[in-house]
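Okay, handing you the structure first.
By written order: A, B, C and D. Residues from 1 in each chain.
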Amino acid sequence: MRRVLIANRGEIAVRVIRACRERGIETVAIFSDADREAPHVLAADHAMHVGPAAASASYLNVPAILAAAAESGADAVHPGYGFLSENAAFAEACANAGLIFIGPPASVIARMGSKTAARAAAMSAGVPVVPGVVPASQSPAAIADAVRRVGFPALIKAAAGGGGKGMRIVRRDDEVAEAVESASREAARAFADGAVYVERLIDRPRHIEVQVLGDRHGHVVHLFERDCSLQRRHQKVIEETPAPSLAPSVRAAMTAAAVAAAGAVGYVNAGTVEFILEGHGEDARFYFLEMNTRLQVEHPVTELVTGRDLVHAQLRVADGEPLWFTQADVTQRGHAIECRVYAEDASRGLLPQTGRLIRYVEPSGPGVRVDSGVREGQAVGVDYDPMLAKLIVHAETRDAAMARMAEALKAFAILGVRHNVPFLLALLNLSEVRMQDAPEAQGYHVDTGLIERRLADLSAPPDDTLRAAAEAVGKLVQGTHAPRAQGPAGVTGRADDPWVTIAW
Amino acid sequence: MVTPREWHVTALADGRYRVEDGARVMTAHAVRDGGTAWIWLDGHLFEITPPASTRARAPHDDDALMPQMSAKVIRVLVAAGQTVASGDLLVVLEAMKMELPIRAPRAGVVKTLRCAEGDLVQPGTPVLDMQ
Amino acid sequence: MRRVLIANRGEIAVRVIRACRERGIETVAIFSDADREAPHVLAADHAMHVGPAAASASYLNVPAILAAAAESGADAVHPGYGFLSENAAFAEACANAGLIFIGPPASVIARMGSKTAARAAAMSAGVPVVPGVVPASQSPAAIADAVRRVGFPALIKAAAGGGGKGMRIVRRDDEVAEAVESASREAARAFADGAVYVERLIDRPRHIEVQVLGDRHGHVVHLFERDCSLQRRHQKVIEETPAPSLAPSVRAAMTAAAVAAAGAVGYVNAGTVEFILEGHGEDARFYFLEMNTRLQVEHPVTELVTGRDLVHAQLRVADGEPLWFTQADVTQRGHAIECRVYAEDASRGLLPQTGRLIRYVEPSGPGVRVDSGVREGQAVGVDYDPMLAKLIVHAETRDAAMARMAEALKAFAILGVRHNVPFLLALLNLSEVRMQDAPEAQGYHVDTGLIERRLADLSAPPDDTLRAAAEAVGKLVQGTHAPRAQGPAGVTGRADDPWVTIAW
Amino acid sequence: MVTPREWHVTALADGRYRVEDGARVMTAHAVRDGGTAWIWLDGHLFEITPPASTRARAPHDDDALMPQMSAKVIRVLVAAGQTVASGDLLVVLEAMKMELPIRAPRAGVVKTLRCAEGDLVQPGTPVLDMQ
């Protein structure tokens, strides 16, 4: 492997480019019209234009990407996450073009990419799955019938799904028709496959997933779990490892199940087996949810706690190297948390925001890692996911990691676009989330519905004293002429003027 | 009500501001963007507009009929003249790969439709008018 | 402990302030006239002015610092490193003022602060020391006599020394007089104590030190070693852990010796026992050099490889907490390297440089940590140490860490002051330093004299192709009017004009 | 000798520059400070001054007699009129807590002493003149 084309953009493209450079591998970035000066383009050795801003015409444009690979002399393709990363046809096309696809074989992607086939694979490997029904056909009537057989509350899910897209909860019979139609439509648009199936809704579950790594020589190891229960609209917001208050026996069973599931399908590459967890302590039950056959957004927490670099691992495995460590060599040390920093407005239902990053200053310091793909001056547009950066911290204990995260979030200065950092701070401050290293017996009361239930407490405005301080700054800033003040100046203000202040 | 309290603010060389009131010292990041000052202070984001440049506008039910961002209309479920109940789904938008439902903020009648499927709509403009 | 005054400046003050905030402890910064807007002042909850720019009148001004502590209501003092950190009188004065001194008792500082007393303490704990002679008196004749008894080459060292100050090598009899006088004078100025002693010079030694941590309850553990052999003018430039090619038996003996030395003097706090290592493999011999009774500049590499936060540990130990882990819990994982980024000019004998940081962009990303105490726009003056930042990387292997460091150094953009980043890159590229995970038997050929011997190879200019590229950028920059270009522009240049280009 | 080669440079929005020659793409950081352009490129630091603003000055033995930075004179070991050998210690300066020896760049005679112990001396000005 000599030259890798990264078929992605943003922070993950930068992340992969860095790892390649560290391994002495040349890199080729691809870019759309919107990304000519994006950080991933500047980070790479070469950059190829693949189309207009719309992802469908650029980062999802298979012929253009394959042409870029051929023209640039790349011999391998890293798909990142999202976009084409779980597209079996793309993996197949890469293989046919003589390119190493840095991921599992196309057949494995196809199998695990269908939720129904993945469910069957998990069951045959002895891994528990959520009770559910695959509709006899994809007609609205057949799906509605499947919902009624599962009983309420039920969950309609896209067979090809991921990231919460094409997923609908139905609690009453009269919600079924609209939910079926909208789930199918969203699934069709997001995955080019509108097929759905139905599961029993596990109420107040935790989302816990296991990182696995398989090589081309039949070895599979796990790198322990991640707790991703803090979600909004089925999208993860904060992830951490180790999972708080997870009984050791349950952890052992889940990691073994993940290795069994991956081994059963001949898995190669870094991958994630997602579970939902119901109940507490030794009695908690877990069910297979799906397998993601690619690097996960939240992979950094695993890297920090296990000390293993997953992108380096992907590159080595794709190059045919047998695993260079055993399961016994993998240990958890300390605690890591990731916050996803999004351009979205917590006071307006977490709606994505657009604008320009007039000021963008990342936090730094001991135990603080930022994986980002934006820079100051850049426009945040409507074309792509509104994630700006991932802020990840590592510390000796969960309490210390929580405190470190709060300080790092406060030091993350992003101006010009509304964002969710105040929301993340409020979330970390919820008593259910803080938990202060509580004894196991006390339990952990975070589940995937927590954010929705506590939304009102998560967009609380700052107190009047802080507001007055901000208004005093505002007066001084209004008097300046450049985006960056050029020299020192001073003002003393009683900020009780009737200015219009919007705050988060 | 803003607590009247003396804050002293000093601009530093790199766009930071030192904010102090004798007891507490904080550092803010702030920039001006047109008439708006963006301020990051103690984990809170402020957008401040001076009184002169403010256009008074009372909050309005029909805010619910405006998209919060540029979006594409993917479905229109009502027609002009149609009577709707509070909460009825009127239009479905899509932006950043997500569906954004526009629902009736109250019971009423659709007066004018201002969009069609496939249109791109902008924030601040209602997708339809209600009577 | 509720409110800590940090009696220091720069990166270490910022580091300590961050740790205090993470533990919910309030912080008080002190500052001189030169540091009114320095990062450590902005990071703290409160800040007290202690004097003019000269360190002797501010950061070494004990009465002013104690007054600041009293006025700000601090109940503890963290001395950082340098300045008053190893000043027993200051520790004593803090204790007398009812302040917790975050360090060992004054008596331990005094004992280990005298190299001769420390030597005696090490010897009585059974730790090997370099053969040497303590002069009968501090008269020039007595010192010269001690030199002759040790034999040539000999090393004259300040009894109160540290950081290479007051140290002179003498290889011939006619060098003795000037060396004795200059070592005494430098020692007197740096440590207010001109006493020196004499040791046999160990030729081509490695400098390896062991991190220890003791609590107030009689427990001492070690956190393994650091290799700090890459030095210039007796100042460390690059540090790493684990020490390359260190035989496990030698590592075990050194760490045990360090714990014995610290235990023998009743050591409390984070501290470092420094050794020099002579020879290779199982046969290598180590000698006690000195003990530093404070946090060390290079502590981050130990934190990354052991997963323990040493500043948090200092705070907990100072608050009376017994050690919360045992020796068996301390393990080494991966490899960490630190580069000290100095404002100094490699092409002019590594002389310190002054100026303004017109542009200052730190690297970031997986496994990259920057501990810094400067920011863009800040002046780099003559009053303090020219260290701008510490760049620390962590990776699974030494090769991976070296590659990561090289990439991070290239991404560290510092403009407006000449600095040693190109020098550091050249140093990492020396074959002796790279070593490429060589088998143990091959040995490791770095010693404390390597930099001096290879200095000519470490300030090699860039090739003409790169120079031409820089000149093309220069043309475009000369046409701009603001320090930051406001919009995109383009130029195509054949940069063969006779411009004056200075490059490192 | 500079290799004649075509480099295309594009200024980016935040003070970075994209530098490419068809085969290789690099990113530079650059700023202008008075007449000097500071450039960080591929791990090398460049200071570039255009021809117009350059004052020609041949390198000179007496460079060795000038401090490279502001420093304090802590010892003067010679007097005017004294004959010195190459390498003799003439003056000891101190800056940033380090001793900086000034040694004779060649054999000769000290013409004028330009400093005394305790003085602050500046870069670019010799501490003494030699014949």
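Simple rule for what comes next: a contact is a pair of C-beta atoms (placed from the backbone, for glycine too) under 8 Å apart; a residue touches a chain by one contact, two chains touch by 3 or more.
Only a predicted model underlies this, so the values are computations on that prediction, with no experimental measurement involved.
When every chain is reduced to the mean of its CA atoms, the largest separation from chain A belongs to D.
The distance from the centre of chain B to the centre of chain D, each centre being the mean of the chain's C-alpha atoms, comes to 56 Å. Averaging C-alpha coordinates per chain places the centre of chain A 39 Å away from that of chain C. Between chain A and chain D the centroid-to-centroid distance comes to 51 Å (mean Cα coordinates, whole Å). In chain D, the residues that touch at least two other chains are 12-14.
Annotation for chain A: residues touching 2 or more other chains are 37, 488.
Every pair of chains meeting the contact definition is listed here: A-B, A-C, A-D, B-C, C-D.
Within the complex formed with chain C, the residues of chain D that make contact are 1-15, 17, 19, 21, 26, 28-33, 37-51, 54, 68-71, 89, 92, 94-100.
Across the interface of their complex, chain C is touched by residues 14-15, 18-19, 21-24, 37, 300, 303, 307-309, 311-312, 331, 333-334, 362, 364-372, 395-396, 400, 403-404, 407, 488 of chain A.
Across the interface of their complex, chain C is touched by residues 12-14, 16, 18, 24-25, 27 of chain B. Chain C makes touch with chain B in their complex at residues 37, 42-47, 375-378. Listing the residues of chain A that touch chain B in their complex gives 165, 178, 182, 186, 189-190, 233, 345, 348, 351-354, 356, 358-359, 361, 382-386, 406, 409-410, 413-416, 418-419, 421-422, 425, 462, 464-478, 480, 483-504.
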